[in-house]
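I am attaching a structure below and will ask some questions about it afterwards.
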């Protein structure tokens, strides 16, 4: 039984590490393939993040003003 | 059995649409009566919405400033 | 049985009020001891509250501006 | 992996694509699609109860113990055991569950979500409460006769029930009356109502019904306009409606209580759905429990939506979903939306025959609910005929009336069908 | 509809009116009132378990099966079955439930809410955790002897227990000792504590007890001032108390842990209530789990409040609530508040006899808890005698002490009564 | 009070001290420590099921009834009854529970929390969903080969399993293979994964495993640097990595779906953990369900954390925790962290042998996960050798890879051990 236990531990180790490496290797391959496909087929306007831009459009405030107001908002929230 | 199924479907349809119309008709009557009662007995200061007003009192800022600040708040939130 | 009920009520009352007073008396003693220990061993910089200060540092806005902005934020939220 | 499961994983990815890229009701279809993929992972058994997970593994000793508990003396395939388990009385169900747990098997995660969130009925009801807390009955109160439009549009529900029993009677599909009723409710264009009714009357069809309901709600801008234009003349579409009157706070507070009392008096079977809806609305309008109203509209409804979506996804398991009935449901569902739209528009024209204050019949289509999409469609189609005519607020009346109407229809169907 | 149900619907509407128009503890009374209406919708069975819903429908086959399960060989009215079900052992209960489910009946929505939220004890405990996370023990720590005021005010609880057993002994009411204890806790002026104790000792009276507790908490500004003025002289009311010292963060962090250790050493029966209260307070004060503290004070407590309120409402079903005992509870409850107020004030005067640092006896009344209403009342009455004397912070000490005191009393009663 | 309970109360206070003053993972260790104190309040029975609470009180009639239900004809001490209860089949378990409830006993609060939150598996999975919603896979997608670092670091898990079975084989400890596997997962440096695995494989050790996992995660800045410096040369530590490329939204949306499909194809046993993780991440990245993502990252994860922490605390009850095994777990756990760190660093060096684009081996240690602590440690140690070399973003790749790696390891262990 003691022997079996060690055997079970070794089984767990080899199968476990094996599976971890196989899975993550497949994931590396999959990720590389996916990134290639995505960048080949839909390359240009993807990198930029659309939403913040859209919202910034609605906020034509200079950066300094923004910083002041954000600080105020922070202070206001901290009080709550 | 097939016949019964169609019969059951028809039952469902007539009772169902009947109930829907009866219920919503009662609701129309109830709503009209309720609105009449409310507007007759508590008419004057009801229509205005008290809370926003109360809060706006606390905010004697001109509309343009408000718009700028709101935009800033929006931008600030979008960043989070 | 009726008699027993009253007896039970009296038991409940004496044990209950007794426990409440014993517990809260122990708590008074414990609290006084604890406050003494804390103020003796770690006395100085404890009283001030660090966080609000830290956040206020990030907000070097004068109080009037702050009030205006807070009002605006309020108004903005009320609208939502 | 069985091909059915692979196919359903593609269906799940398709739902995610529609939700993310096409904006099809993403709040529901992202969790549903993802849950659908999870439910079809072979061998993971996430959507199965402990007993079925035990049967899947098929250890002979366990199978024998289960068969014994289920009262089967002989059986040929594990499928027979699954069937016996599904047919068993609650007491036997419970005993078989304990046998499976005793052997170390457990319910799949999605199965547990489904039991807690949907089988108990609580999740759709909480969504309804949140929707109530988000609903403004102002436009309806300003013009109560738009309630009739919300009533008429429910014709889509019942016509579809009739269609389903027709298909069954002619032998093309094998629907029971309970299933026909659950399918009809797709025409209510109201997701939580559809899920609630399906969970009571036809849990096996719930996946297809929910997917159909939410998909067609997202497709309302494509389904409705042709029907609306077909049934109205250009001059009708140009009708300008009078500005809605201001509605007092007191009316808005009284309205949900009045609806509840009316339910208590005439329609107890609609009490859970309409009760929670009115409760949410009362919290919104009463003005003294803002923190509860806010939670109902945000944290709580979001949490429930996540579990509801994943739970619905659990019903996209291949062996349940890949059934000719699913196709029937998809076809009947879109018909239901169409009929409901038409009935709403025609009712508006009927009202115009008898009422002095004219209604633009385009707002009739909003009576199918699909809040707020259908009202936006009314507005958009209206603007095409008269660029100055903003119908949005006018369409919100029938739109929320449609929610009430569908809940009433749901109550009637649940109570009638259980007596059939 | 039975007249009792109609009457209870009016009671529900009355509670909504008091909550919305008069500001009576709206966070609880809006859900309770609404739940009360839902519970009394005839035929909807929202507050009933599956078995009682089955008995209500009274299908002969189902009744026979249930009677068989419940071990009744003959029975005359469905009421007898309901009674047998209520008296049955848990195993028979479970079996009867499965029979009812097998015939297609299910628990009402509010019944499920009650089981999960209150019968398990979890909802009042989570509310207590949230209240702990909202409580600042600073004023108490600055002046710990105000704990005695919180202790004295609990006399209202036990005097009321005695009153209730007195009514029972003289044959005017039919209270058991468990019921008397549950009624007494109304005098603790602490909603979640009252609900927790009632759910353990007298679930049938829970509706009336919770309604009385929250209503009287809202009425504190009317109940307390006359008693406070009667028991104090003008010069006592003018006593100016010394400014409270600053309390360090470290003391505030240590306090809840100390309370918990004390509970562990001397009063295990109060561990659930005080444990959760201290846990909430530790999350608040420790400064490193702000997101948990914030959730405990907002999203979580709001969600729990919604369910707690609706669940309490389920106990307003006519057949349980319309009982002479309810009247007894309402009368005893207000007496309890009065006695607690008096005891707090008198204890303050007693402390002044032996202590050099004088206490304004008006803050004694805040010992009944009813946070923060009672402290505000102390402040207001104090300002009437001395417009420069702000007692609010001083009154917060006994006020939060009263919460601890009531939880201790609750622990004692639950453990003693279960042994009686 | 038994000395063990007193000791465990001190352990609870120690955990609170470490969490609050030393900043040891306070979000978990504050609730765990507090729950640990609650669980050891003598006589309160907060962590015990109804049956054990009944046995603790030891009313002879109740004991006899329970013994009868449990099938014991004679028994000498209450402990024997507890043991028989723990060994009983689910059906007998259920029956004994009903007997205890019939005599008025109920489950302790923490026992209920544990059943609902952990025994069902739901709480760790929801935490995982929330963590997924907080995770940015950008750095990983920009440099996918860092996934190998996350794979290598899992060696700590399996080496520790081997260590545990070694201790058992040499007779020094009495671990089963299931316990050894549950202990190994501490090396995954991922709290919810460790709790999930322990709840499935070794619930009795869950308290010690969770405490070890979170404590060592907090100690990562002390455990890792010496190992990292020992295994790297100064010039290796100075390696500057090329700026990470920008990753498109579309890649980020596709990644979680791809992981899920891969799980479905090759590793169903990891489906619950990785499924929920990917679901959270998809909600984050898809951009159309922001309100769900926000709730998963805030209200929901906070609520679950509170219950998870208290539930873990329930496993700190003296009779379970005070066991030589706990010491073994604490020793093995830190070894696991060390081996995982070393394996990650060595793998990075191995990759540098074959790859042209050099990796700074310091980011290899981040492969143990312990997000984001381990990545910060990599960055800090890197800055010591080259003050201009910011490794933080580079280390985030292996860091999140380690989460995936541990979940894969957890899946393998759960499925293999149940077959052993």
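Letters are used for the chains, namely A, B, C, D, E and F, taken in the order the chains are written, and counting of residues starts over at 1 for each.
In this section, a contact is a pair of C-beta atoms (placed from the backbone, for glycine too) under 8 Å apart; a residue touches a chain by one contact, two chains touch by 3 or more.
Quick caveat, the model's predicted, so the values are computed rather than measured.
Chemist: Given the touch definition stated above, what is the smallest step count connecting chain A to chain D?
Modeler: The distance in steps between these two chains is 2.
Chemist: Please flag the chain sitting at the greatest distance from chain D, going by CA centroids.
Modeler: C
Chemist: With chain centres taken as the means of their Cα atoms, state the distance from chain A to chain C in Å.
Modeler: Taking the average C-alpha coordinate of chain A and of chain C, the gap between them is 41 Å.
Chemist: Per the centroid of Cα atoms for each chain, what is the distance between chain A and chain E, given in Å?
Modeler: Chain A and chain E have C-alpha centres separated by 47 Å.
Chemist: If you average the CA atoms of chain B and of chain E, how many Å lie between those two points?
Modeler: Each chain's C-alpha centroid was found; their separation is 34 Å.
Chemist: In angstrom, rounded to a whole number, how far apart do the mean CA points of chain B and chain D lie?
Modeler: 21
Chemist: Could you say which residues in chain E touch two or more other chains, in rising order?
Modeler: Chain E, residues with two or more chain partners: 287, 299.
Chemist: At least two other chains touched by the same residue of chain A: list those residues.
Modeler: Residue numbers touching two or more other chains: 51, 69, 73.
Chemist: Under the definition above, what is the set of chain E residues touching chain F in their complex?
Modeler: Contacts found on chain E: 89-91, 94, 120-122, 125, 129, 253, 257, 260-261, 263-265, 268-269, 271-272, 275-276, 278-279, 282-283, 286-289, 291-292, 294-296, 299-300, 418.
Chemist: Quick one: in the complex, what on chain E touches chain D?
Modeler: 1, 9, 13, 16, 19-20, 23, 26-27, 30-31, 34, 37-38, 40-44, 46, 95, 98-99, 101-102, 104, 106, 109, 112, 298-299, 302-303, 305-306, 310
Chemist: Quick check: in the complex, which residue numbers of chain B touch chain D?
Modeler: Against chain D, the touching part of chain B is residues 2-3, 5-6, 8-13, 15-17, 19-28, 30-32, 34-35, 38-39, 42, 46-47, 49-51.
Chemist: Considering only the defined contacts, which chain F positions touch chain A in the complex?
Modeler: 140-141, 144-145, 147-148, 150-151, 154-155, 157-159, 161-162, 164-166, 168-169, 171, 176-177, 180-181, 246-251, 254-255, 258-259, 262, 266-267, 270, 287, 401, 404-405, 408-409, 412-413, 416-417, 420
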